[in-house]
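Letters A, B, C, D, E and F mark the chains as written, and numbering starts fresh at 1 in each.
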Amino acid sequence: MNERFNKGLETIKNYVTDEEVTKMVEHDALADIAPDLRKMIIEFAYGEVYSREGLDAKSRALVVITTVVTQGAAPQTKTHITRGLHAGLTPKEIVEALLQLVPYIGFPRVQNALVIAQQVFQERELTV
Amino acid sequence: MNERFNKGLETIKNYVTDEEVTKMVEHDALADIAPDLRKMIIEFAYGEVYSREGLDAKSRALVVITTVVTQGAAPQTKTHITRGLHAGLTPKEIVEALLQLVPYIGFPRVQNALVIAQQVFQERELTV
Amino acid sequence: MNERFNKGLETIKNYVTDEEVTKMVEHDALADIAPDLRKMIIEFAYGEVYSREGLDAKSRALVVITTVVTQGAAPQTKTHITRGLHAGLTPKEIVEALLQLVPYIGFPRVQNALVIAQQVFQERELTV
Amino acid sequence: MNERFNKGLETIKNYVTDEEVTKMVEHDALADIAPDLRKMIIEFAYGEVYSREGLDAKSRALVVITTVVTQGAAPQTKTHITRGLHAGLTPKEIVEALLQLVPYIGFPRVQNALVIAQQVFQERELTV
Amino acid sequence: MNERFNKGLETIKNYVTDEEVTKMVEHDALADIAPDLRKMIIEFAYGEVYSREGLDAKSRALVVITTVVTQGAAPQTKTHITRGLHAGLTPKEIVEALLQLVPYIGFPRVQNALVIAQQVFQERELTV
Amino acid sequence: MNERFNKGLETIKNYVTDEEVTKMVEHDALADIAPDLRKMIIEFAYGEVYSREGLDAKSRALVVITTVVTQGAAPQTKTHITRGLHAGLTPKEIVEALLQLVPYIGFPRVQNALVIAQQVFQERELTV
């Protein structure tokens, strides 16, 4: 485990619980066919990109939620709303960011994302 | 001009200069074929969505820049980077938001957006 | 409930049964986190856009089915094929609209949409 | 030139002038690298798909305009608005179809398409 | 069944087992609403496009896997990874093609596609 | 300049001329606002991804051309068709890959890409 990997793991802690970091290190669901994907995500996405200065973790989470909702990527919408909460975004801010997208991507994808957000908030007993 | 229209114009001032607001009111490039588009943008997009509470103007601008870059919409990328600067985003924050997109949309659209950002910054003599 | 909301509800009746309109008014699945989404859909999407003159309800339904299929949005494809039938599109016209998309979006999304259309027609015991 | 090719040419006449059909037959801009593309467009897109029964030419044009605008494909937006006019869509119907897309794809792509529509109408001295 | 249909069936054999070809001919899941879709897929997609010279079956499969993953089309990703294996792509080559997409479409769609690839390989007891 | 950077530069030579590599090292058009983008492209995209084993340079170029054409990214389509030629793809193979996309993305984006390919071939006096 090199410096970029460690920096990546350190950065991920802004977005997930320590428990999840441990799980990521100990278990890689794609280890049998593409072990390098996790490595790239930790080293490049977190170690090189998320860890940059000049934009705080909350804003980075907002950018990532926005792009995956715009792409209509359902599994990632759930993941990154969860990570956004961990990074300090409030449920209210997440809902507002999704509504702000209506004039730019229309209602369907926003509605699908709000259904996912609702589920994430309920699982954590959070209210808006 | 109704209440939503006025609220929209008031809200737009967070994103464009007073001069541009005046220009918007006095001149509508699509007036001959679709005069209601401008009305919808001012009343709905700005008067009803952008004007909501719970997320500041800078964060709304960040969300909008992210979605138009993800969609690969070049003219809107220029418009909303410009409006983001007016709303208080620094050139540095805009560049960081674009780089944050690399792991989610890949290099091509990020590179195209950075070329547009560079042009906007140069026209305003801004440095990162 | 204002004028735009009422106009929206009136317009929706071209696309859904009276029973569903009642259900929409009485129950909002996202009420706890984003009550304004339903309001925006009724007031803006239906009250301001669908209610415009110059294009009939059938043609508007055709446009909406086309855009959600092109976006690959599965839940909305089901919703809007159902609403299109209510607005007067025949199963045959819907199937033809989907096949017309083959040269413009390719087979995969058309095939996925036809599977959804088939399910909607079967639930209503409609034949093409 | 086989039967499908002839049927395709016959069908294209619903969408373009006789002059343009002649030009298509006599000149193929991609003849040096991909002569089969034009053949596929005429035989398959027009000869097999557009020529089907069950949906009139105006509705097919509406479907095609909608999908290319949703995709953000600028050159095709111009082509198919022009063909839609030839197939019998009025400028008003085209503008309404584009505005109907606002709640489903947002303002940016609709605005870009309206600018193109305006240009097509001006070249033909058409008013909405 | 015409010449193009037969050529299509012949070509499909490069991508699926003989058993599946028989199943395709004997059973069409969309026969009740759109019997011409299967005909178009066999005659046009396989009989006219896949059957062309100048690019081998493996490379055509690689192109098709890439485009459906880029579009985020999950059902087709499974179908075409399976067909790619039949056409001679190794599991390793498929995994590498998916990882090659990371810098162009980002991690989310690549990760979703790798999960599908893993499932296809496991069902066939293939290792990378 | 670290090991990944050097490996990246070595790998790029499969796709561009030595002259262009020198130009890349000596001149970075985005140096004033985002010097790290070029670094990421060379170190991550080329040094970590393109440089992997298990898929040859020609096949990687085919994958990249396919994804940028599917995304409708015009500037990148030109860049990667050019790099594909350098990696050993013939003009014929590139044209066939583009035509293979017709059943999966439709005619518009394929036609736009063929116009770009034609221009690249003409500049290099290549015939198909």
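FYI, a contact is a pair of C-beta atoms (placed from the backbone, for glycine too) under 8 Å apart; a residue touches a chain by one contact, two chains touch by 3 or more.
Note that this is a predicted model, so its numbers are computed, not measured.
Shared contact partners of chain B and chain E comprise A, C, D, F. With every chain reduced to the mean of its CA atoms, the largest distance from chain F is reached by C.
Because chain C and chain D carry the same sequence, their contact can be compared by residue number, and over half of the numbers here are used by both. Using CA-based centroids throughout, the chain positioned farthest away from chain E is B.
Centre-to-centre separation between chain D and chain F, using Cα means, comes to 31 Å.
Chain D has its Cα centroid 41 Å from the Cα centroid of chain A.
Residues of chain D found to touch two or more other chains are 36, 40-41, 44-45, 49, 52, 68, 71-72, 95, 99, 101-105, 107-108.
If each chain is drawn as a node and touching chains are joined, the picture has every node linked to every other.
Chain D contributes residues 41, 44-45, 49-50, 52-55, 59-60, 62-64, 66-68, 70-71, 92-93, 95-97, 99-105 to its touches with chain C in the complex. Interface residues of chain D, counted against chain B in their complex, comprise 72, 91, 95, 98-99, 102, 107-112, 114-115, 117-118, 121, 127-128. Taken together, the chain A residues at the contact with chain E in this complex read 29-30, 32-34, 36-37, 40-41, 45, 68, 71-73, 75-76. Residues 101-108 of chain B touch chain E in their complex. Interface residues of chain B facing chain C in the complex, by the touch rule stated above, are 36, 40, 44, 48-49, 52.
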